[in-house]
Amino acid sequence: MGKARLEAFSDGVLAIMITIMVLELKVPHGNAIAALSPLLPVFLSYVLSFVYIGIYWNNHHHMLHTVERISGGILWANLHLLFWLSLFPFATGWMGENHFLSVPVALYGVVLLMAGVAYWVLQQTIIASQGEDSLLARAIGKDFKGKSSPLLYTIAIPMAFVYSWMSQCIYVFVALMWLVPDRRIEQAIAKRLE
Amino acid sequence: MGKARLEAFSDGVLAIMITIMVLELKVPHGNAIAALSPLLPVFLSYVLSFVYIGIYWNNHHHMLHTVERISGGILWANLHLLFWLSLFPFATGWMGENHFLSVPVALYGVVLLMAGVAYWVLQQTIIASQGEDSLLARAIGKDFKGKSSPLLYTIAIPMAFVYSWMSQCIYVFVALMWLVPDRRIEQAIAKRLE
Amino acid sequence: MGKARLEAFSDGVLAIMITIMVLELKVPHGNAIAALSPLLPVFLSYVLSFVYIGIYWNNHHHMLHTVERISGGILWANLHLLFWLSLFPFATGWMGENHFLSVPVALYGVVLLMAGVAYWVLQQTIIASQGEDSLLARAIGKDFKGKSSPLLYTIAIPMAFVYSWMSQCIYVFVALMWLVPDRRIEQAIAKRLE
Amino acid sequence: MGKARLEAFSDGVLAIMITIMVLELKVPHGNAIAALSPLLPVFLSYVLSFVYIGIYWNNHHHMLHTVERISGGILWANLHLLFWLSLFPFATGWMGENHFLSVPVALYGVVLLMAGVAYWVLQQTIIASQGEDSLLARAIGKDFKGKSSPLLYTIAIPMAFVYSWMSQCIYVFVALMWLVPDRRIEQAIAKRLE
């Protein structure tokens, strides 16, 4: 089974996610600069979610480079990841429209956490399908980023009810941490080719 | 005629279906957890339809693996299937917003039934185009799942006017039955390659 | 220059057109069968436009089979066609919501006509780029369907102000006329390969 | 690393941009020709943005032809470009609904400027990755169009507060300037192949 269609379908869903999120940025009724100011938190939420979708697309791209055969398990683990990513527009819109109040910020964290878990499940499914000498397993190594992100989200969710801005800082921090593309996989592939 | 463009177009439509369904999950106006509770039935409808679209994508993917040449008949049978799948967002949104009342639940069943019939028509068109020694015909064998699903939907549609929850159970049951990817086709291909 | 990206982009736009048209089928507020009846003209408009988009995708698919090199002119002629097709959701929604009244029916005809003209322009651009022994030119031959469709639309547009239903019949008739995929191109390719 | 997925993802986002912009063209409530007249500025904005997206897609297509390896930097520079392009529907809708008043026209210019800058950044990232004998660097040469466009946008933005129609003329002029596909790249590739 080839992976081209899995990639194409995932790309399609991610591309649509990004553009559907921008629909929450509703055209204001006034025509003055003042009409834009209530949109600022919606815009900032959009920027953050755009970066997250970009990170997921980027790492998904790298991760699938190590895959040769798509099993039924990988197909469903991938759909499971897409399901949680599909909730980004909703969580982003709700957080932005409520100016980063507690409950929406916490819910945004829940969606981030579930997407992170779903990514980890997909990663484990691929590793399991590759058998003992898994290229992906060696590529991710100790997987510091993959393990610390869910932990940080788990801290950020209850934190939203105390200091909502601190949860937001955590979300931004995790995004920055991942912004660097996963060179581990590039290196592992390069090593094997030698 | 290659099948790459048929797959790409179908993937595009299915990817957009999934993300358009999530638009029915409208951003609520309040910011409390209570604001989310009226969205629960819409969310559950979304989960069910997401799984159905996933199943269709998955089986469509497997079915087209057995196809080498795309005829005009296959093109139109495929568009016919996409037409009924395109009504999923409407049927899902209506069922969710009306908290699973009779008529919307029955309509959801009608869309499921028509999509199931359209899938069967596509399958028969492919088998007919492959001639006597059809790989797909042998792969699906007696096609127990393909034959029982329309039957179950046909029971569920009138049932919605008596016990709406039983129709919903049938929809969930059929989804679970299909959740396992179609190993028959994988096996038939593996067998032919031997 | 390859044509893969041109096809992928066109497929993407057409796939999204189809699914955006279905958004005009707005989820009704009631939960009775009666709530669906005002949607019937919207639904019928959607079916007609779905068939038209299907025809365009189908013939576009066949036409590009004869193309080997994509010039700048073909790129823009293709974007020009996509522009007019992108107005289908608007024209479809307006016609459906106004229960096939004169002006919306005429506007729908204008969009059909412009899309037909844009298709013809793309066809001529491809033929011109293929030089004297054009595969596409021989494939379409006298191009009866391509020449009669704009003529029929031109009759249907003013007709909408007298008998709106007759214009609709013309739209349906043209769709039926094209529903058969363009075997001329398949035959011309087969002939050349001999 | 292949570039197929980068192209597919970009195509997907651009295809969706185009079709989401058309959603701003909301189906009017009346059924007379008069109901269409308030939509005229929205329609004209749509045409302008459609042409801009077409130009970006076209040049993006040509630019990536010179690329062989996609680095992490190129991936993010490309996402950065898509981010600014994703704001087109918002800026287009706002400008159209306000009949080309000063602030929305200026904002449209800001989005055009930022997209132009992002395109330039992507171009420089690709050139840097290609090393000294960069095919793209030689292809763009002095890059007159790439350098004058941001300058013209920078003039048009403050101009919108004085003569809004002059800013619009500048936007149209820049679009016309780019409408000719980038033959420089085609020529540079042809030259290298000799």
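Read from first to last, the chains carry the letters A, B, C and D; within each, the first residue is number 1.
Convention: contacts are C-beta pairs under 8 Å (C-beta built on N, C-alpha and C of every residue); 3 or more make two chains touch, one makes a residue touch a chain.
Not measured: the values here are computed from a predicted model.
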Query: When subunit A touches subunit D, do the two copies use mostly the same residue numbers, with over half shared, or different ones?
result: different
Field: Magnitude of the superposing rotation for subunit A and subunit C (Cα, nearest 5°)
entry: 180
Query: Can you name the chain that lies farthest from subunit D, using the mean of each chain's Cα atoms as its centre?
result: B
Rounded Å distance between subunit A and subunit C, as computed from the means of their C-alpha atoms: 38
Field: Approximate Å spacing (C-alpha centroids) for the pair subunit A, subunit B
entry: 27
Message: Counting only residues that touch at least two other chains, what does the list for subunit C look like?
response: 8, 12, 16, 23
- prompt: What part of subunit A is in contact with subunit B in the complex they form?
  reply: 1, 5, 8-9, 12-13, 16-17, 20, 23-24, 72, 75-76, 79, 82-83, 86-87, 89-90, 93-94, 97-98, 101-104, 107
- prompt: For subunit A, which residues are in contact with subunit D within the complex?
  reply: 7-8, 11-12, 14-16, 18-19, 22-23, 25, 27-28, 31-33, 35-36, 47, 50, 54, 57-58, 61, 65, 179-181, 183, 186
